[in-house]
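Shared between the two complexes below is subunit A, which has subunit B as its partner in the first and subunit C in the second.
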Partner chain A sequence: MKVKVLCRNPDDYVRETTRDIQRVPRNYDPTLHPFEVPREYTRALNATKLERVFAKPFVASLDGHRDGISCITKHAKSLSTVISGACDGEVKLWNLPRQECLRTVQAHEGFVRGICSRFCGTSFFTVGDDKTIKQWNLEAPGYGVREEPINTILGKAVFTGIDHHQRESTFVTCGQTVDIWDEQRSSPIRSFSWGVDSFSCVRYNPVETELLASCASDRSIVLYDTRESAPLRKVIMQLRSNTLCWNPMEAYYFTCANEDYNLYTYDIRHLDVPVTVHMDHVSAVLDVDYSPTGREFVSASFDKTIRIFPKDKGHSREVYHTKRMQHVICVRWSADNKYVLSGSDEMNIRLWKANASEKLGLLSTREKAAAHYNKKLIEKFQHHPQVRRIARHRHLPGDILKQKREQREMKEARRRREQNVRKHSKPGSVPLLTEKEKHVAAVVE
Partner chain B sequence: AISSMGSRKRKKQNERSEASVQVSEFFVNAEGTGEKVNLSDLLGTVEKTSGASNKTKKQLRNLQSSKETLELPLNKQQTEKIQRGIAYEKTAAEVSCWRNIILQNQKAEQMVFPLNQESPGPKRVEQVVAGWKVQTPLEQEIFRLLHINSQPVDDPVLTPVEEQSLKAMSLEEAKIRRAELQKARALQSYYEAKAKREKKIKSKKYHKVQRKAKCKDFLKQFDEMVKTNPEGALEELKKMELSRMEERMSLKHQNSGKWAKSKAIMAKYDDSARKAMQEQLQMNKDLTQKIVVPSDDEHESNEEGLETIPDFVNDSEPVIDSVNPWMRGQLTHEEPEVSCVTTEDVQTAEEENEEEELVGEFERKRKLRQADEEDLIPTEEELMRSEKTLEGSNQTREGLNTPGQEDEEGLLNEGQIRVRNIEDLEVLGEFVDPQPIAEPSLPRTAAVEATSEPPYKKKREIDLKEVLTKEAKAVKVPFLPTVVDEEERDEQISIIKEAFAGDDVISDFIKDKSKLEAAGRPEVVDLTLPGWGEWGGVGLKPSRWKRKRFRIKTAPPPPRQDQKLPDVIISENRNASVASHQVTNRLLPFPFQNTAQFESSIRTPIGPTWNTQSVVKNMTKPKVITKMGAIIEPMVKEDFIKNKTTTPGGKGPAIMLGENKRILFVKCLKKTSL
Partner chain C sequence: FRKMEQEMLKCLFLGFGLQKIRYPCSKKDPFPGEAPIPHKQLQKFQRGEKYKVPAGARRRLKEAIISSEAMSELAQKQAARYDLLLPEDAGFLEGDEDEDTNTISQDDIADAVDITSGSKYFNLHLSQFGPYRLDYGRTGRHLLVGGKKGHVACIDWQSKDLMCEMNVMETVNDVKWLHTEAMFAVAQKRWLYIYDSKGLELHCVKKFNDVLRMQFLPYHFLLATASATGFLQYLDVSVGKEIAAVCTKMGRLDVMSQNPHNAVIHLGHPNGTVSLWSPNQKEPLVKMLCHRGAVRSLTVDKTGTYMVTSGLDRKLKVYDIRAFKPLHSCFLPAGASCLSLSQGGLLSAATGDIVQVYQNVLGSSPVSKPYMAHRLRGQIWGLAYCPFEDVLGIGHGEGFTSMIVPGAGEPNFDALDTNPFRSSKQRQEWEVKALLEKVQPELIGLDPGQLSKVDQASFEQRHKEQVEALGFDPLAKDKFKPKTKKKGRSSAGAIEKRKRKVAHEDQRDEIRQTVQERTERDKEQKEKSNEKKKLGNKSTLDRFRK
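Let's look at the complex of A and B:
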């Protein structure tokens, strides 16, 4: 006769230490857990709601400047340091975690037009309305020692922007021409010009480090290669581009912030049509900066908002605004992909979270797992109307909302008009242009 | 024109109002534009200088006299445009080398930033401290030597080769490998020491014994090799053949050496010496003996002889598990061979075999008898008793619900037998162990099979197919005792029947369903008008043609969802409260091409309620992972693109030309020298 005995192994249900979480035996038999889709849907809905509930992107405001912020730059080697320049020529160094100003320098007379920090993180450069380029030490001078620039270069015209090479000791400025400077010399080693227009912004490509792009006041974006004697190519758009930014992970893409409320991502190999048109702002876009992962970028606009766009989407995923924030002049994405910094007209620098509902600080493993699961759930059910409605809902200031509606109407009217024109003219005489094709006026070789 | 009107010539203004770095072409004016510059004006002095050669002077004179003008160079705008075009093409080509990397990153399921993370862990001091330089000439000399041999400069630092190998291996791998190497080294040293020790031993006897042991070992190995690796064995044989040839050629073991002669003198008196001589001769004999290679058929017969008696015959009777067909299969299958291997060539073996078989048969029978006596007799009474108690219930049960039996079993606990009282338990014992019932039939079947099998069959392993296709013996077991008291059950049933006497729920349901189905079916629209085109009136019907013509059938709607589900009604009306949560059929989300695709993407749950931990972790892994507090640097070209594909522009062909010329030149030289 066989005797069957129930056997229980304590290893299956006893935890190793009292600090360990209780062991819960799980039975994954699907018949025991029915209605998986409805249950997951409910979870997704809850996750979406919670995401909106916890979306508190504003972290801190750094005040201290006595005029509008004109430019911000990140420290190349330290996440906690930020340098900002104001319209009264003052430059301030900030410590982000302590939210305080470390140092103030009266760098220029008039605007500080551009700041860039050196790749090694020992010094930074400023250009101003007083036609000078100044190099400053990042370490504060000793007690009682006057703030003096390491190096001052007196130029012949006003400089409007500056950017430093990723690895070498050269930098580029723009003004009437695009000049490439050696740090050791007082005159540019090369200057590019194409026509007689002034430039508003110049940027080094962070990946292909010899490539340059600049925004000119004749509505054009000009590409350069420092190894070549002449500029490469120029694309002229319908309206002027204010700034541009290269994608730090994808060498041949850059995005420019345009006066026509849109941002355009270009592939430098095919300049005749932008890859993506990013629309959502209701006023001129003043600045743009890519996230260090190259997946998203943030834009600052004259309409007093900051928007975050995925790099390949036409519309923004996030909009940040506060009642007190005025026209946002400059914006930067922090090098750890966690924060966004914005400098605005009303003399404040604001620190935002890049993911509005993200919990900051260290997360436990279970917290992390839950966050990942929730994120995935929202992604899975993103097409369901209720989830989408909640996930997409953002509060906007009244006037922006009004302008948005107005512009939508205008756009619709324009489209209707074009349709009518096409309807009443010879077939083929009014070509059907896509949104991308509309904004490029010409590509000049 | 205006200036010419005035009497006094006004001086042209060439002032610049704005100080600019950029000088526009419109502000530039040339003084004295009217006068042409001649070559002689510029080169007049050349004639007078003594240093210039006559040749150039002549050329200049010729130029002066010739009237042809040179072609205008391309204007500045056009040359610049061409330059820009070339430069742009070049850069675009250079930049496109990122294409693959970018596409790969876009498609990647997960990206971890910062890219190119250094392996964590402690670093050597030499790596951290930088800026130390050699100073004295001696140091310089040493470092120069080290550099030349690509040796590590700092003390514990590894050579580049070692560093690479380290990088190629993970830490654990490296540890395992190191342990292996250590072990191998230890073993090697051990064997070396042993060999040394043995070599030092002077005893001849010891060495003799060793040699013999070795020889034995070798023979054993050789035997094995014949079976497993015939090719290797053949080679060994060839070697032996070679040694035999050598032996035959030489006089080594012929008692003709110095040692043998000395022994021969001693042989008269010394027994051992004689023995040694004998041994030597024996050795010669052994070595010169021809080795016979056993042929294949011999080998086979040998094998057969070996295998005439299967092992299991001598084994004690295996425990026959009637439930396990495998056991039975083996027995029934292998038994015939016992009888069938009776062959003519191995007579003795056969006889033995028969005897053994007989013995085995007797033994088996005896055992069976014993088992019968032990098990069956005492249980018979019990069986009788238990069957009496069970019979009634079983019969009633079978009579009641033979078709619905399966349903009842579904309700009960499947697979196991529920036991309520001791009696049941005892009865259970019988049913669980049905061995004695099944067993007696076994030897008989085996015998039958044995006669049917053809003789001279080689022994085989158990053939899976045969075993599986053979019908397993169905063991007839009486029904398990049911637990529910029959009387109580009947009572319950009657109560339920009484309670729901008037309700015919099932037929109601069927009616409802058919009604719904009928409602969903499209109606036939009758548009016939009696009297049109034919006679009408009381008692007259429109013609068949007309009815056929004007009764319009609409296309049937798509099949109902509950069409194949007999006991379910699925409402197909739009539910407004649910609809707000549903993805509309019209607007299929972007990446999906049909509804089935979308539904399948929703259907699989990703949560921990339905999946194991690892699966959940895998399914919910985020697309981008960043390290807290780490600066994410932009991509560095050198890390991702190893060798630049583009050649430095413009220079390539020129160099080629130069080289070609040189080659030509060399060829010419060779020719002339020849």
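Let's look at the complex of A and C:
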């Protein structure tokens, strides 16, 4: 007879010394692992709960300004420097890891309306209420030397915004007209205007570097090409946009922060309908900035909160608020995709984590693997009601919650009224507009 | 020649990083592409069917389904390839040309194999304290024996190391290990007791009275008990609470088994029926009539596909539990009082003092002769296979016997699930992880994978509510609008032609809708007219009609 009985040699299954790691032989046969789906569901539930437990996004507050902060800009090459301008004309340079102010410059008399840093990382530009454009050195002057701008340009009217080209030494300002300047000249090389009395914001496209967009006071957004002599086209909306930001990964998308509590993402090829309407704020949205991955953006609003939206979803995934943070005027996403900076009315710049439950610092491979696994589990079971209920839950301040409920009721009332009108009128006489179509008034070429 | 040498060295160094090795002379790889995987191996790791993209799906849904299907396929292939690395092979027993394997005795087998395997055949002579019930721990290391007259002992059977031994001075109906070798449950004459592995009594659960049989559901941490009063009770051993007490109203519950695939409890009854229970319902999930007489024993295989039952009508029947159909039945000269299925698919049936082991029972054809047989001294009272070993444990009137059954155990275990060679630290870590992913009893049902399926009913309900609220259907397909910038092909006639090509699809939907509406209206009208007729025929003189 031929016989073989299962016999395991313990030497193959037990470690040799206590200094070795344990031996873990695996067998992926599904019959040895019953209840895959319920166990994964339980793990997903645990992962969601732990994510909420570890969600502590506030990192630090940068204190020092003596008036509300009106603009922030990132250093072009360094992750640890940030430049902010306040409403009393002060500009401060901050070192983020040490959370201290490196340098203070009294840049303007009046508001600092805009700051931008040059692509080379050696200087930055500021514009203010005193109708000047000043270029400053990023290195501090030597001991005893007075702080002086490298260059000052006097203009005829107040400038309200500035942005610098990605590669060439040109920058653009907006005020009464959109002007393109060369750094060597003291008068603009080109001026764009389209019957509008003021522009609030202008931005260069980071990918297609010859494209520009600006927000105008006649509720429109105007697109320009620096190679042409006239603006390209404009889209007029129901309410005015405060700022806009181009998607750094997709050259044809930009998102604008509007006064009607929403943000709109437009495709420049089809300006008649926005790609997405992002709704969640309960007051005017003041600033927007994209993450360097181009997948999410952060928005700052007059309702004392900042919200992080995925680029293709209509609702926010995260909301940050504190009792001490008042109206948030400006917001920036750091270039390493990890932090969000918000500058607000009460003279503080706050540093937040972009992923609230992320563990900072160097993680071991096992920690990283566990974090990835938990993230994937939450993504897999995100539609189950129990998991969604926990993942969605965010604490909101009392007034914002009340405002939200009120606005929802108002919206419902308006919708019911429209439906009634449609029901009692000739079919087809009252057109059915989707949410996206409602907000654009006209596109002008 | 030197050039060729240099090139070959370069290729060797490059080949460490690249997948393809480029040969210096233009030879082609004789086996291009990936290594093929045998279909059977690939099927083993298939979970469910491929999800078809529904007609009329949006672009995002299509992309999501296609990418997730690709990921599943990759995972399946990688798991199938890993099968090559499994260290052990299953055991086997083959007789010579004219020799029947069931005539080979245990002593012969023990002599023919090595010493360690030979020592797995042993007898414990415990004739004083009545027939013995037994339970092996999940890792297969620890054995718990309980005699009817009160003797309870737990041993590490491979090293014959006695962990504890005591006499509880009462009738012992059943013994069961809990989730680790630290605790076990004993169903004594009146109540349920839980002991530590050192023999200390930890709990006396008075709510669980007259327990006859117990089953432990390892992934739910539930101890299911069947009592003589007809109650099926579930105890959560991690929290210590009774989860459910189901009054089965089917008399004395003597025969009990669990389906390891979906944690459903199978109970056999004296009227020949087998009922399936979950803690969430007061009624059985399924009731099947299996035998003409009482059901004596039943067991379910590890994949949850087959159930083997034996009854007083001396039949042994195999059922497909997923489709609830009988597969085949065979006649035993004396009915089997105990049944057990091993991880390797071997069925052991005990009749009186003889144990017979059958091979290939779960296949399509009925089995004529047993694979192995063994005769014992006393009446057999309990039968259990050791999880990852080729060993069958038998509890009988004269004590305990451990029998070698080649091919019974699963050769390769997964150390992250159950590791027979785990250290105490590994056991502690495993216990914490297992408790964290303990499945809630609400999820016990006939289909354990129900959470991964789309809840079509509630989706449709929500869609209806959404359409009512908005006034239009957001998921409706737009009518076909032809493009008007077609470089000379956008004349009115050409547009009409293009519209006509797609028109039949839109028309089909419209027609279907109108037809549905019409049929519904007709139905309503019919019902109304029927009612009217009934009402119309009633008159005051009806009571005089015959």
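Assume the second predicted complex is superposed on the first by the 423 of 445 C-alpha atoms of A that agree within 3 Å, B and C clash if a C-alpha of one lies under 4 Å from a C-alpha of the other, contacts with A are read in each partner's own complex, and residues count from 1 in each chain.
What we mean here is this: a contact is a pair of C-beta atoms (placed from the backbone, for glycine too) under 8 Å apart; a residue touches a chain by one contact, two chains touch by 3 or more.
Not measured: the values here are computed from a predicted model.
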Partner chain in contact with A:384 - subunit B first, subunit C second, else both or neither: both
Superposed model, subunit A: greater residue contact from subunit B or subunit C: B
First (subunit B), second (subunit C), both or neither touched by A:39: both
First (subunit B), second (subunit C), both or neither touched by A:3: second
First, second, both or neither for A:393, with subunit B first and subunit C second: neither
Touched partner set for A:209, first subunit B, second subunit C, both or neither: first
First, second, both or neither for A:27, with subunit B first and subunit C second: second
Which of subunit B and subunit C A:445 touches, first, second, both or neither: first
Contacts of A:232 with subunit B and subunit C, given as first, second, both or neither: first
First, second, both or neither for A:14, with subunit B first and subunit C second: second
Doubly contacted subunit A residues - partners subunit C and subunit B: 1-2, 28, 30, 33, 36-37, 39, 41, 43, 384
Of subunit C, residues touching subunit A in the complex: 44-45, 47, 79, 82, 86-96, 99, 101, 104, 108-109, 112-114, 116-117, 120, 219, 260-263, 302-304, 388-390, 404, 406, 409-417, 419-421, 423, 426, 436-440, 443, 448-452, 470-472
Contact footprint of subunit C on subunit A as seen in their complex: 1-8, 10, 12-14, 22-39, 41-43, 46, 384, 415, 419, 422, 432
Contact set on subunit A toward subunit B in their complex: 1-2, 28, 30, 33, 36-37, 39-41, 43, 77, 79, 156-157, 166, 176-177, 193, 196, 206-209, 211, 223, 225, 228-233, 248-252, 268-269, 292-293, 295, 335-338, 362, 369, 372-373, 375-377, 380-386, 445
Subunit A-facing residues of subunit B, complex: 19-22, 24, 80-81, 83-85, 87-88, 90-92, 94-96, 98, 102, 105, 111, 113, 429, 432-433, 580-584, 589, 598, 601-603, 605-612, 616-617, 619-622, 624, 626-637
